[in-house]
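Should a chain be cited, it is by its letter among A, B, C, D, E and F, assigned in written order, with residues numbered from 1 in that chain.
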Amino acid sequence: MPATALGIVKRNIERADPAAIRLVSAYGVATLHEAMGRVGLMQPYMRPVIAGAHICGSAVTVLLHPGDNWMLHVVAEQIREGDVVVAALSSECTDGYFGELLATSYRARGARGLIIDAGVRDVKELRSMAFPVWSKAICAKGTVKATVGSVNIPVVCAGALVNPGDVVVADDDGVVVIPSGTARPVAEAAATREANEADKRKRLASGVLGLDMYQMRAPLEQAGLKYID
Amino acid sequence: MPATALGIVKRNIERADPAAIRLVSAYGVATLHEAMGRVGLMQPYMRPVIAGAHICGSAVTVLLHPGDNWMLHVVAEQIREGDVVVAALSSECTDGYFGELLATSYRARGARGLIIDAGVRDVKELRSMAFPVWSKAICAKGTVKATVGSVNIPVVCAGALVNPGDVVVADDDGVVVIPSGTARPVAEAAATREANEADKRKRLASGVLGLDMYQMRAPLEQAGLKYID
Amino acid sequence: MPATALGIVKRNIERADPAAIRLVSAYGVATLHEAMGRVGLMQPYMRPVIAGAHICGSAVTVLLHPGDNWMLHVVAEQIREGDVVVAALSSECTDGYFGELLATSYRARGARGLIIDAGVRDVKELRSMAFPVWSKAICAKGTVKATVGSVNIPVVCAGALVNPGDVVVADDDGVVVIPSGTARPVAEAAATREANEADKRKRLASGVLGLDMYQMRAPLEQAGLKYID
Amino acid sequence: MPATALGIVKRNIERADPAAIRLVSAYGVATLHEAMGRVGLMQPYMRPVIAGAHICGSAVTVLLHPGDNWMLHVVAEQIREGDVVVAALSSECTDGYFGELLATSYRARGARGLIIDAGVRDVKELRSMAFPVWSKAICAKGTVKATVGSVNIPVVCAGALVNPGDVVVADDDGVVVIPSGTARPVAEAAATREANEADKRKRLASGVLGLDMYQMRAPLEQAGLKYID
Amino acid sequence: MPATALGIVKRNIERADPAAIRLVSAYGVATLHEAMGRVGLMQPYMRPVIAGAHICGSAVTVLLHPGDNWMLHVVAEQIREGDVVVAALSSECTDGYFGELLATSYRARGARGLIIDAGVRDVKELRSMAFPVWSKAICAKGTVKATVGSVNIPVVCAGALVNPGDVVVADDDGVVVIPSGTARPVAEAAATREANEADKRKRLASGVLGLDMYQMRAPLEQAGLKYID
Amino acid sequence: MPATALGIVKRNIERADPAAIRLVSAYGVATLHEAMGRVGLMQPYMRPVIAGAHICGSAVTVLLHPGDNWMLHVVAEQIREGDVVVAALSSECTDGYFGELLATSYRARGARGLIIDAGVRDVKELRSMAFPVWSKAICAKGTVKATVGSVNIPVVCAGALVNPGDVVVADDDGVVVIPSGTARPVAEAAATREANEADKRKRLASGVLGLDMYQMRAPLEQAGLKYID
């Protein structure tokens, strides 16, 4: 049988540069996704358990099997201060893989939060603890600990490819994944974008139309738009 | 090729009578939908970005294409004080068509809110601004500006037919569309309904059963209901 | 035609023992579901209208037809102090079966809340009244009163079998159904579980790993897990 | 209460011109939808019960309530030779509204088929009878006959507005609705489109690229497309 | 911990009477469901892998966990000639639990088919073997054998309660569950229904309207239906 | 702005070794997925337009935007004999991106089929041509040609990572992606698996139980399984 990525824990991964993470952390998910060229987003079914939460960190990844959260304990040991755990599933499942006890452990290890393409539970406690989680579902269903998956391999989580060490940012708008090598230029592009936005916001607030501000009238006419009364 | 409704902006539409809108605005969506004879509702997947928001206004409509929000800029120019923008899609899409900048512009133009059968983003900012939006999804995914749609044509939004100038009402229970000609009698029917409800509420709170209050026992028996011990 | 369970109201049901309900009510849904051996949960699409609500009571059941809430009035008469109404559907429907008036009546009859595999409306009012509801949807769509269903028969609600008199517990994590005969031992198992959790929480908070606390290293190795650098 | 469209049967509707229907019937749904300017399609969840079926006719419309097929008997009387029945729902339901007996009746009345935004049953018999149906679901669940809807009013079926007398075309690709006034020009546009396609097909089959045939290379370059090795 | 139903194999179950099964097997799912009083159906997402298949037999039940098909081997030993295996899931999963090898084994044990609220694979081989399966999905994803479930306990499968020994019938319209004690009267009610249908079919085919045949005109008028021109 | 993968066509990719493809092509998707260690599958919503089709080839990849099929023309030029086109979407869309004309072109270029995480149309013609397609939907909705994506970059298609040159295999059970470097050992593992299966099939057909053949009785007992009468 060929070597597959299952049953492997990679201990040494190259984390994203903390300075780059700091730069990126100033921006929201929508801005960063635009700054990257409109790629890197997870599916919109990923929703925050705590409204208003915003996290940014270096990804440690884990691949889980349906109904089995064993590897969430394995990945805990690999967490370093500032990491974000990204948990992908080998097939769709909404069971409650993660709750208060694991959150307590992840926090103690320094994790900034969890992104999981499955369900979580103890959401009242997660809110009390202010431990940020983005998940596909909220579900009380417990899981077993019977089948090994892998830690710190590339995973597809909610439709996005995540490599260990990628910068992961999550807020009310969703979750975006930034390859660690591009974090700095993405932050710069985001900064430029935001700088422009402040001015645009002011003009739009004064009643200027996007049609004029972005000079859309000519291209719209060329594209065939007709005004009638 | 036959004349289709695409690529058209209708500038002069007959808006709903402001006095009728004021009358209608006193009632919730559930009451109005009942007062209309149980029609006019959008699908229940349309959810408020801001819990507790309640808007009522005259519809300006826009038809958008998947992944393309160009026409949201075109419709901005057609907004008058008190309007509600209703955005329909030519096919299903959950991309983030609308965010803080467009909300700033729409507010400056006098819009009371947005109803969109797609995704929106910058929800934290929308909440800060208190700009009311009902949408199908929250999603950071950006859109292009490449294909023209139409403004102020009849559209099907989340399963409901909306003509420009219809009265649109939205609250925590959903979104209802009232043809402008019927707004006044619908408001009257809603008033009658609510008047009845105050009395019913009091009686039910005192322990009277709906079975007796609505005289349901005979029809239930006739329909074959049997009580056993 | 064979006698079916439709069109029947069973008046005398054996309710769960109030003392057992009190014991059970100290625990959350996730804990109780684990204490039962990981069974008894409703599907995770059942969500609370009021975040943070937590109820526990003896089930009165009702089987409804699509678009028809007549039996919600019939079941009202069967409610006793401390009951939880569990409403199942004969086929999927998201219409708004329940609102402020029925909530007023149910509260007057002593109901602790409603679990319904369909939609509800007047959610703003339900929140003002603090009447707890778990539902599949929020929807303003009204229903008719034309077809009889049954009260206090066994029903399948959101994938879970519910017998009248079962203990039903609902919180932010979902809804669990405990056969009345097992309520007491389930509460005991939950107590044991929670006692253990307090200690585990402390150890995990201090940085101890689940890997060590649960002695997972040997079984993981046996299952083939490999560590690489 | 305002006059609503519920509980109305309109007997005299203007049907689409049979000659125009004949012209339209030569084309598939995809071609017609393009010829209309990319509008008029129902949602893709509408699927044929009989693979390969293709129908074209003048719409008689009916609005049904969830779990209630009473109006499918009422609409039967309004069917004329060559009609297609279009059944919309006041809220989502997948119950089996239609089966062999109604199909027998509809065929006897001259119907060419049924388009229904709900479920149907007796699909083995429908296939034996070769009675074409496009539906949202296949489901054995029976319905009641208790609540009136309306016949020959404008309806929204699977996301498309259908007026009585519109031309409805359905095949393996879906269902399209053509306003009766535009049927002839749409057929002409479809003819032009198909004429072009025969030539294009030949060229593409010979290995010519769409890139060259449609002269896309310059606009792609202008849009920023880069070739790398 | 309370005794739960997990980890139990019940060897001796009371199967439905073969003569009653034979009677029931003459009817389709839609007819039987009507004959039962419109109860007992599984959700319509349960679809046949082999179009046109029709099975009827006594249920042996099995409860499976997500991503784990171990118990499908355990249940094989409990199959007797004429049984139908009904597999329920403790939480939603679409993995491919069942394929050609298990089908070979089940056939050798005398099973008439499988009803499974999950995915199956090897569908080409299942079609070659003509082994009838109704499932929620088709999926190549493999499963593990790590966690015990139970055999011949009451289960909820696709929304329907199934007790071991119930009569299960499946065809193109779906899957219905008949409590074994009512199989004979349900068959009789189905016979009566079908007898009526032959006559109705003839009359409808001759152009008689359901409106007249079922004497619906008066109740429709009473319900408020209005005819307009 | 950082260099993103959008707007790029990579012309020279390393295709999978034809001999390895030939080896792999002897096996079905379920077997290959098992042989890989249970990874590499696309989501089960990917379904064949032509039942019974089975293809195997080297992937050329393309990233498309919602409602825009421009890049399907660009990728055509990159197709070599034996390739399988894998089309991913930047966000979910079910529009009909591909039909008869593109199929004609792809066939002329030597493509073995198309895997697309979106909709296709002209399915009747695709079946006549016997051009194999696996898609998320069938939909007549047309697309525009306005926004550039990329060709031969790594993409996530229906939840699976696909690199250009990977071996893609599709049949009735779904679609699996095999990294080109592992194609040969995966084929060998599949061969071993199938060799075992022939013997197992014979034994199971003779009535031997999987319980005995796989020696499951001891581990089941150890896992706590109890037999009762």
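Observations
Everything below uses one rule, namely that a residue touches a chain if its C-beta (ideal position, glycine included) is under 8 Å from a C-beta of that chain, and two chains touch if they have at least 3 such contacts.
All values reported here derive from a predicted model rather than from experimental measurement.
Identification of common neighbours of chain A and chain B yields C, F. Both copies, chain B and chain C, contribute mostly unmatched positions to the interface they share, with under half of the numbers common to the two. Centroid to centroid, with C-alpha atoms defining each point, chain C and chain E lie 27 Å apart. The distance from the centre of chain B to the centre of chain E, with each centre set as the mean of the Cα atoms, comes to 41 Å. The mean-CA centres of chain A and chain C are about 32 angstrom from one another, to the nearest whole unit.
Counting partner chains per residue, chain C has residues 38, 41, 90-92, 94, 139, 141, 146-147 touching two or more of them. A complete list of chain pairs in contact reads A-B, A-C, A-E, A-F, B-C, B-D, B-F, C-D, C-E, D-E, D-F, E-F.
The residues of chain F lying in touch with chain E in their complex are 28-30, 33-34, 38, 41, 44, 47, 52, 171-174, 176, 197, 200-201, 204-211, 214, 216, 220, 223-229.
Remark: chain E residues 7-12, 70, 73-74, 76-77, 94, 96, 99-102, 104-105, 107-109, 119, 121-124, 137-142, 145-148 touch chain F in the complex.
Residues 1-6, 35-39, 41, 43, 90-92, 154, 156, 159-161, 182, 185-186, 189 of chain A touch chain F in their complex.
Chain D makes touch with chain C in their complex at residues 65-68, 90-95, 139, 141, 144, 146-147.
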